[in-house]
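The structure follows.
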């Protein structure tokens, strides 16, 4: 607890890959400004902090906490509650905290299936007795405990109240810097903060806004996986039959992936006013599938269309790659589902 | 392709010509007919009428054997009566569980069992027309039967109305017409082509049978047929063997050869004539066969103008 | 949903009115319970039941509550919105609310009438009412869209239906474009000799009307023409018509007929002449044809085939022949369209066992019409195909292609009557000839029809009740030699009956035009299973279609005799006249609109609209809906991946609200935080 | 109503064909399963897959989308677009573990009251056979019991 009066910054890493931290460091020399402006009070990834340090802070001690990572287990949840309690402003930082991201893809299967995959079926695993991690393991020295692995991966706002969201997997450095500036402005010059619950560090409309590719009327006969096709450098990828989630994804990243010929993955989440990014994407994509017309026999029609939609492998995984935890259904029905 | 083959009682006897010609033409068309081992009589047209359960059991046995042997789910019967019986029984067993129960007991006694619907019963005509198709048949034609005026005769069993998923129009069948057409023959369209030949009436009430036969022969002749092509041993026998009786009874002078459509296919395929069983017919087909020309006959005008002051006939669909 | 309860609309004051509809609803649904239960909804201010909400007192109930209780939204739970939505919207409006602040719950057609299970019906009714309440609070005020009606009208088809409609409108002072595929108007009626049951000569009553059409300045007659494209919507359709080259310059032609007289080439007249007579290759279908200009038949014209002849050109006194004439595209605007495209006759060749085309003395009904027609190829003499012999016996076969599972299952309505007419004509022309009518059932509904049947019974026609199995020349005994034998089971005697005759007439049924489906697509309206055009309502809107501004008349809607056809022609005309005199129509404001500032310009919606109502602004790189063209289907709304297209009156918010409303009893709603993981 | 479990099926009916088909079924007093809860949309092409998911999320056991027969759509081909979305949605649903019978697409013209009624009866039985879905409580709330100790995994 330093008394230097600088606003206090915390960043925590729950269920995620750590890309968010790297992305923060990616703001280059600005990181010095961050260090100048902020008093970093909890940031396990870059400096040695212990939970007891955190617990020792008075409530609301932290001015802004960037929380990245999804809620996969009981430890993640405990930390979420703790940081919420200690922070004035809690930011769901990055796609995992915001809407579940890759970890939440496991909501498409069951905890059991996941465990079997990881501890039994995995070729690099040698586990003949089929031992799974235990919540509690008693050894001479006493009980060892592990966090409880939940059935469903959740986003941060599904366990605690969140003030702001910064989307992206990871958030783009320039956006991070913009966000920090806003906060700094608010803390130092008393500038207004964005309304609570706002999505900051991103645009409001869909990515096509930022995408420089030429867009025409869309008439798609089938879809291709990236390796199946050499995309035209200037034309809209979707029109070429490459699944690009840009049409249903919030802008702000500068359309990085499409600019290098890779369809947008959708990591910035849906633009304003969309309940379910995957469903919306699904709807749009199916709509522009230009196969079958009203003159055909019903069976023939259904067959043709089925053929065409079958060219999209793993639709759920594709359309919900990042937004699973925020999707309408959130997870697979018990037992059944893709496994 | 492999097909189960149910010759029935007549094929190797009075209908030898049908049998041999069938084997002779199916081979080049890639149809591999495998005779059902240890088959029995189909009960013909009478037995079912007299004593149902045994009759059904009798037929079911053949179905069971077919299902049991040679791996093909298709069973071909060239005889119309055999065909209809097999198909009918398969259908009834499927529709009527009560009946199936009884029949199963009979089959079981013989260590057999049959799942209705597991065998697809086909008449030879169906196999050729549907499975093989006109194109394939056309490809095999080496000596077209130009100028031979043939009246296709279907009899009453194959196109029988209500025959489950019949492969041709029961009221106006045309499958044999189309096959004869691709053979190059001139097909005679005549109204009685699907009417009764008298069947076993010849044994029960000859009078009736002869009248039915006479009508058929006359109608074919009036429409200018050189010969009649049949697909059923019974029909062939009645029209051929009783022609003499008809002539004496009605004082007519019919000399209408009655052959099997497979014999004509054989001719067109240029199969050696001795493999086709010609000469077994009572009214010789030879004179008629002489009419075959190397050149296709001139197509008659698409639209017959009435004579002077006459009124034009309607254009026929396929022409107009 | 929780987020919706937060919304300010929550303060709306909703009035709920549950209708008894006598016992129609109250008999199955506990309306009192539903009304009481509805009060629990925080949005509901008053909830009542009433005997008949659609009655004037029922409507006043709503109006008073709005005025006295300051209701802001209205829900009526009664019949289908297709029945009374309009009624209650008007009531709502009368009391000063926007009519679209009303929502209907269909608890009769979809509720009380669909089940006997009272409990289930009541639960369902609650769901539907709740859905309507939740939905209506999210309704926004909408204004109907006024569309001005172009007073011109397009009529497609110059048969008696089209002619009637055209004259009705033209005489009312409105301009009409009458488009006819053939060279002359007149249609099937012009081919017919006499009309049942009155037996007045078809031509005598038809041709004067045809002449009127030709002479009426308000009618632009486009014969030998077909509609190529139809764009737009009620009040303002843009029509393109292809005027096929008839190789005759209409301005110069005096219809003197010399070209036709001198033309050396004779062909069988398949269309007007039903294939029974002959015509020249430059010809008028019949002398009274309107317009009188001939048509040159390029397929058969010696000049077009061989490059030689040109006799017509040489003979024409006014140099009206132009072999180089090209098809011409004509474009014009109309406010309404009447389709009167008529019917095709069932082709008897489809029933080979009836021998048509094979047995020379089997005739189609149309052939016979031409034959008995004094101006026909035989000058009205009834003869066999040889053109000279008079038949001594004639069989008339009803229901050819009709009431037949293999062909058309429906009854063609006119065949019985015209078959009776045929029988009468045979008796009249050839007393002593035997006439046999083979019928399934005798159907003679209509003024004077049954009497006509009785008259035929007296005239000595043999009526045999039985469907004909086959018609052949296969004699089974000497008495049948040289005859045509009609085989049928006489179902009254229960006997198979073979009837040898000299002549057979096949009374073919009425079918939809072979290209009816293309036409219905061209005009963006529906066809039924048999290919006849769909009316808006089988009883209450027989000449309207689901597409505003497009009407149908005559046999294109289903089999009809001349009186019905004429009546429909008139009805369609009056429908159009009504719209023209209104000047403008108010269109449902159910329309899509793009929130352009939020549109990313992805162009997904661009291909969605069947009416091309979505345009892309290359400048701003956003898509835009042209309201006038939008029909409000909402396909683009569902497609828009960033939800920036709003479908007025069917917004996402409204549908989600209704959805969660009707699922009131199964929600089991748990906020994300309560969800156990 | 008997004690047997009564599925709740949400029906998105198009204004021109299937909604009128349901009207006709009623007018003709055809009795069919009261389990369908209709929502009127102008065209089956208006049905946003989000609606289907939300319906299931909000407790429906099944969703029926009904439109005009292909070629008969009042809006020319809105139903074709519905079919395209439906086909892709079904592929996706499979991955969510949602049985095909729970989300169905039906063509019913305004004159096919019987068709609609029959379809609703059939679907009701199919869904009844599958048992309740009730996503909120059954899938999300007691989803494999949170306190499940890892041994069970």
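First chain written, first letter: the chains are A, B, C and D, and each begins at residue 1.
Going forward, a contact is a pair of C-beta atoms (placed from the backbone, for glycine too) under 8 Å apart; a residue touches a chain by one contact, two chains touch by 3 or more.
Since we're looking at a predicted model, the values are computed, not measured.
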Checklist entry - Does A-D or B-C have more contacting C-beta pairs? => result A-D
Item to check | Cα-centroid distance, chain A relative to chain D, in whole angstrom | outcome: 31
Item to check | Between chain C and chain B, distance of the C-alpha-averaged centres to the nearest whole Å | outcome: 48
Checklist entry - In angstrom, rounded to a whole number, how far apart do the mean CA points of chain A and chain B lie? => result 73
Next on the checklist: For chain B versus chain D, what separation do you get between their C-alpha means, in angstrom?
Outcome noted: 52
Checklist outcome for this item: Residue ranges of chain C touching at least 2 other chains are 521, 608, 635, 638-639, 656, 675, 677
Checklist entry - At which residue positions does chain D touch at least two other chains? => result 48-50, 54, 71, 76-77, 81, 85, 138, 140, 143, 146
Item to check | Per-residue multi-chain contacts in chain A, two or more chains | outcome: 150-152, 275, 280, 283, 287, 294-295, 330
Checklist outcome for this item: Those chain pairs meeting the touch criterion are A-C, A-D, B-C, C-D
Next on the checklist: Looking at the complex, which residues from chain D come into contact with chain A?
Outcome noted: 48-50, 52-54, 56-57, 69-71, 73, 76-77, 79-81, 83-85, 87-89, 91-92, 94-99, 107, 133, 135, 138-140, 143-144, 146, 148-151, 153
Next on the checklist: For a test of understanding, state which residues of chain B touch chain C in their complex under the given definition.
Outcome noted: 171-172, 189-192, 211, 215, 218-219, 222, 303-304, 306-317
Item to check | Contact set on chain C toward chain D in their complex | outcome: 80-82, 106, 108-111, 113-117, 119-121, 123-124, 127-128, 131, 517, 521, 524, 526-528, 534, 546-547, 590, 608, 610, 631-635, 637-639, 647, 650, 652, 655-656, 658-660, 662-663, 665-670, 674-677
Next on the checklist: For a test of understanding, state which residues of chain C touch chain B in their complex under the given definition.
Outcome noted: 268, 270, 275-278, 347, 349-350, 352-353, 355-358, 360, 364, 367, 371, 377-378, 383, 385-388, 469-470, 472-476
Checklist outcome for this item: Contacts from chain D onto chain C in the complex sit at residues 1, 6, 8, 10, 16, 19-20, 22-23, 25-27, 29-43, 45-51, 54-55, 58-61, 68, 71-72, 74-78, 81, 85, 109-111, 117, 134, 136-138, 140-143, 145-146
